[in-house]
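Just below sit the structures, each encoded as structure tokens.
Two complexes are shown next, each including subunit A; its partner changes from subunit B in the first to subunit C in the second.
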Partner chain A sequence: MTAAVEFLNVSRHFGPASAPVKAVDGVDLTIAEGSFFAMLGPSGSGKTTCLRLISGFEKPTGGTIRIFGQDVGDIPPNRRNVNTVFQDYALFPHMNVRDNVGYGLMVKGVDRRTRDARAEEMLALVKLEGYGDRKPAQLSGGQRQRVALARALVNEPKVLLLDEPLGALDLKLREAMQDELKALQSRLGITFVFVTHDQGEALSMADSLAVFNEGRIAQIGTPAAVYAHPRTRFVADFVGSSNVLPPEVTRAFGGPMKWASLRPEMLRVTAADGVALAGTVTGIRYLGAGSRLSVALNGTEVAALLPAGQPVPEPGATVGLAFDPAALHVMEGEG
Partner chain B sequence: MHSDRASLGLKIAAVGGLLFLHLPILLIFLYAFTTEDKSYQFPPPGLTTEWFGVAWNREDIWPPLYLSLWVATIATFLAMILGTLVSAAMARASFFGREQISLLIILPIALPGVITGMSLRSAFSIMDIPFSTWTIILGHATFCIVIVYNNAVARFRRLSGGILEASADLGANSFQTFRYVLLPNLGTALLAGGMLAFALSFDEVIVTTFTAGQQSTLPIWMLQELVRPRQRPVTNVVAIVVFTATFVPILIAYYLTRGGSETAGAGK
Partner chain C sequence: MTSPTPAILPERGLADRLTALFWRHPRLLLAVLLTPPLLWLGVVYLGSLFALLLQSFYSIDEFSGVVKEEFTLKTYAELFRAQNLDIIIRTLVMSAAVTIGCALIAFPIAYYAARFARGKWKAVFYLGVMLPLWSSYLVKVYAWKLILAKEGIITWAAEGVGLSMILNAILAIPGIGGNSLSTSPLGTFIVFVYVWLPYMILPMQAALERVPTSMLEASADLGASRAQTFRTVILPLAMPGVIAGSIFTFSLTMGDYIIPQIVGTSARFIGLAVYQLQGTAGNIPLAAAFAVVPIVIMLIYLTIAKRKGAFDAL
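This part shows the complex of A and B:
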């Protein structure tokens, strides 16, 4: 399989060389052609800068970026076969929807009839037939999002970059758009690079994902692999908020003297007597589909997911915790 | 205790204030039609439109009028170019001392005209530049730039920077982005700024006094004319022309920049 995007030891530092702000620092990355790739991380972790390095709005201060094998170091944004769906959509307010969508063709000199026809096709693709004459201000947030998508796809990019495209939508709409984006991606076969801080979104949509922390990639892999085997404490906590156990607690849980991750849903809450691990319930958070229990255990707070239907213990009660030893994941990485 | 309706006292005060501000202007108009040409006598002894004809035939009015139009046009033109460039730089870049430089740009309009006039006059003298139409234009351009800058920089801030990047992202070169995205969004602000600058330049007296050589602009001509006791209503006729020439652009500028509802890129 060809690599759509490759980062070879790419850095983007800001500020003076003596005390640089390392927005992106020594990133190596390969995004396979036709895949749905998510860049996941908290704000300021470097994921958006990486996206802007691909689109060309940022230039690396070190390393090489290749798009379909071509070094793009000297290629400005307008000559890269890459298009972006911007976070705030960035629709042209003075143009109607049809002209917005057709803009990429207009600047290439395509005649009006052809580009209007293409714009209608694109609007049909995002289920916005008949909205061509409206101005962006007359659309809802979800509709603007679709226009931004249609506008970015009209140039038939080889890579589509999406910068937190669902961030401004409400939950219901966001879930619907997740499904639609995924379906669109598999239909078009275009490589999607998707930036998000929402780990649920990344896990459910991506074929593979990179977790960013402080300008570096903490882990890269399929959602299942990253979730099941977080490499570092940061990944364990950020992706699915796992219990991160210090070495001595791991030891008490029957593991080696190392940092380990234990998913809350892997812990079973049992009666307190006759088990090795017993603790006091310090907090209960009702989640609808279950409850999240905080249990103080030898001075460590451990979260356990209690499925709905099971009796919920009172705060202060003593409970036992049990788990499948295979669920205790020992992490090799630091940080 | 908050009433939606203003009290009677407040209403009277407001109406009184407006009358105080605007009645003198109406009197200027009235005296353009008076039959008495030596003094401003109230009420006017009679009304006539003959002064419009007299003004039209007075040869000494035309050169100042042409000069004022010429100065205002060129100063506005210079200000539109320089003011737009400065506002583009100030709106997009962030650097050490940005706020201070912003203040320096606005200074010519905040400073008393006397100071601007004096400093320009001494600067022109030191540089051995003879006073001419061009020194008037330069003097006017100093404050016209500020007007254009203020209008343009406000619009630049309201434009989300994203749309310029979106344009480049979709394949547009810098010229296309300027032509198809920036200019349509900046156009009304520039036009409004230009109109205001024109109006301001057209009736400027103080800076002009310091930077002009032998020529008179229309406001200066009026000032000189008021001292003379002959054909006074002619000055009032010219005042009506000046009023129209400045008020109409200001009105248009107001309508162009009114209403922020179509703010570019603000909607989410």
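This part shows the complex of A and C:
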């Protein structure tokens, strides 16, 4: 498989050379053609800057970016066959939906009849038939999002970049759009690069994902691999809020003298008597589908997921914890 | 608890009573705030505009010079006499030229201020644009007369670098040139552009500032060149600001009666005609009719602008 996008030791520093802000710092990355790739990380971690490096709105201060094998160091955004769905959608307020969607064709000099027909096709693709005459201001947030998607797809881009496109939508709509985006991607076969800070979104949608932290990639892999085998404390905590165990606690839990990750859902809460691990309940967070218990144990706070239907202990109660030893994952990224 | 706080706090005099009053009757505050300016606008401003309109439908007795207070369109017909039509057309052409000149100069400045200037440079921009407005209009105009005069710095500098030929060639163009810059229509144009430029820059800058960067990026992202982005995104979105600025420059030029007297040929403009007709000539009806011309032209201009969709992005 060819690489749609390649980053070779790419950096983007801002500010003076003496004290640079390293938005992106030495990133190596390969995004396979036709894949759904997620860039996941907290705000300020460099994921959006990476996206803007692909679209050409940022220029790297170091390294090489290749799109389908071609070095794009010298290619301005309008010549990259890469389109973006912007976070704020950036629909043109003075044009109706049809002209917004047909914009990419208009600037290429396609005649009005052809581009109107194409715009209508794209609107049908995002289930907005008949909305062509409306102005963006007359649409709901979800509809604007679809128009932005249709507009970005009209040029048949080689890579579609999505910058937190679902961030402004409410939960229900967001889940529906996640499914639709996923279906659209597999239907069109276009490479999607998706930036998000929502780990649930990244895990459920991506074929592979990169976790960003402080301008660098902390881990890259399939969602299942990243979730099951986080390399570092940061990844373990950011993706799925795992229990990060210091070496001595790992030891107490029956593992080696190393940093380890233990998923809260892998911990079973039992009666306190006759188990090796017992602690005091310090907090309970009700989640609907269950409860998340905080248990103080050997001086460390450990989170355990209690499925709904099980009796919830009182705060201050002593409980036992049990788990399958295979669930204890030692992180090789930590020394 | 030692000192329990009450659920309802006691009233602390007049300020609290007024607050309560305005809270109970939300429209009262609006009425209090709006009445004085509305009275001013309604009575003083619109009233005098109406009086002006009324005067323009009267006529003057050619023998006695007394205003006849009966309705007639005779005075308006007078506007279409060759010499008066000349004044109107001259003013219109000058106003249009000044507006275009201001727009061309203002756009790059406004664009820089809106897109690139940050912090200190933004302050420098505002200061630079506003500073000329702090000094007297008359002082500026007379200063320009000296700058543009035959013995002035421009002629001197042109001679110094050997560009007199070009200056003389420009001054030789009929309709624009003249004896020197300070006695040519070109000189009048230059001074008008200088004096009204801030009124074009500021609304333009405000309009450009409201165009989000992501919109320009979206345009480039979809394959547009810089020129295409300018034509299809920046200009339409900035249009309300350009129109607002052009209303200033256009109407200010049309109404001005001082600059054409000091700089340029002594050919009359509408403002000067109004000034002379109501003063020395004592022909108030014709002065009023002349004064209605800029109002009508502005209304036509705004109607066309609206038709062309200049305010769609508002």
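Basically, the second predicted complex is superposed on the first by the 333 of 335 C-alpha atoms of A that agree within 3 Å, B and C clash if a C-alpha of one lies under 4 Å from a C-alpha of the other, contacts with A are read in each partner's own complex, and residues count from 1 in each chain.
As a working rule, contacts are C-beta pairs under 8 Å (C-beta built on N, C-alpha and C of every residue); 3 or more make two chains touch, one makes a residue touch a chain.
This one's a predicted model, so the numbers in the text were calculated from it and none came from an experiment.
With subunit A as the common reference, subunit B cannot sit beside subunit C without a clash. Of the two partner chains placed by superposition, only subunit B is touched by A:168; subunit C is not. Of the two partner chains, subunit B and subunit C are each touched by A:88. Applying the stated contact rule after C-alpha superposition, one finds that A:141 touches subunit B and leaves subunit C untouched.
With both structures placed on the common chain, the touch criterion links A:104 to subunit B and to subunit C. Using the contact criterion defined above for the overlaid structures, shared-chain residue A:219 touches neither subunit B nor subunit C, since it reaches no partner. Residue overlap on subunit A between its contacts with subunit B in one complex and with subunit C in the other: 55, 57, 76-79, 82-84, 86-88, 90-94, 103-104, 106-108, 151-152, 155. On the side of subunit C, the complex with subunit A involves touching residues 212, 214-215, 217-225, 228, 232-233, 236-237, 309, 312-313. The touching residues of subunit A, counted against subunit C in their complex, run 55-57, 76-79, 82-84, 86-88, 90-94, 103-104, 106-108, 151-152, 155.
Subunit A makes touch with subunit B in their complex at residues 55, 57, 76-79, 82-84, 86-94, 103-104, 106-108, 136-137, 141, 144, 151-152, 155, 168. The residues of subunit B lying in touch with subunit A in their complex are 160, 162-163, 165-173, 176, 180-181, 184-185, 261-265, 267-268.
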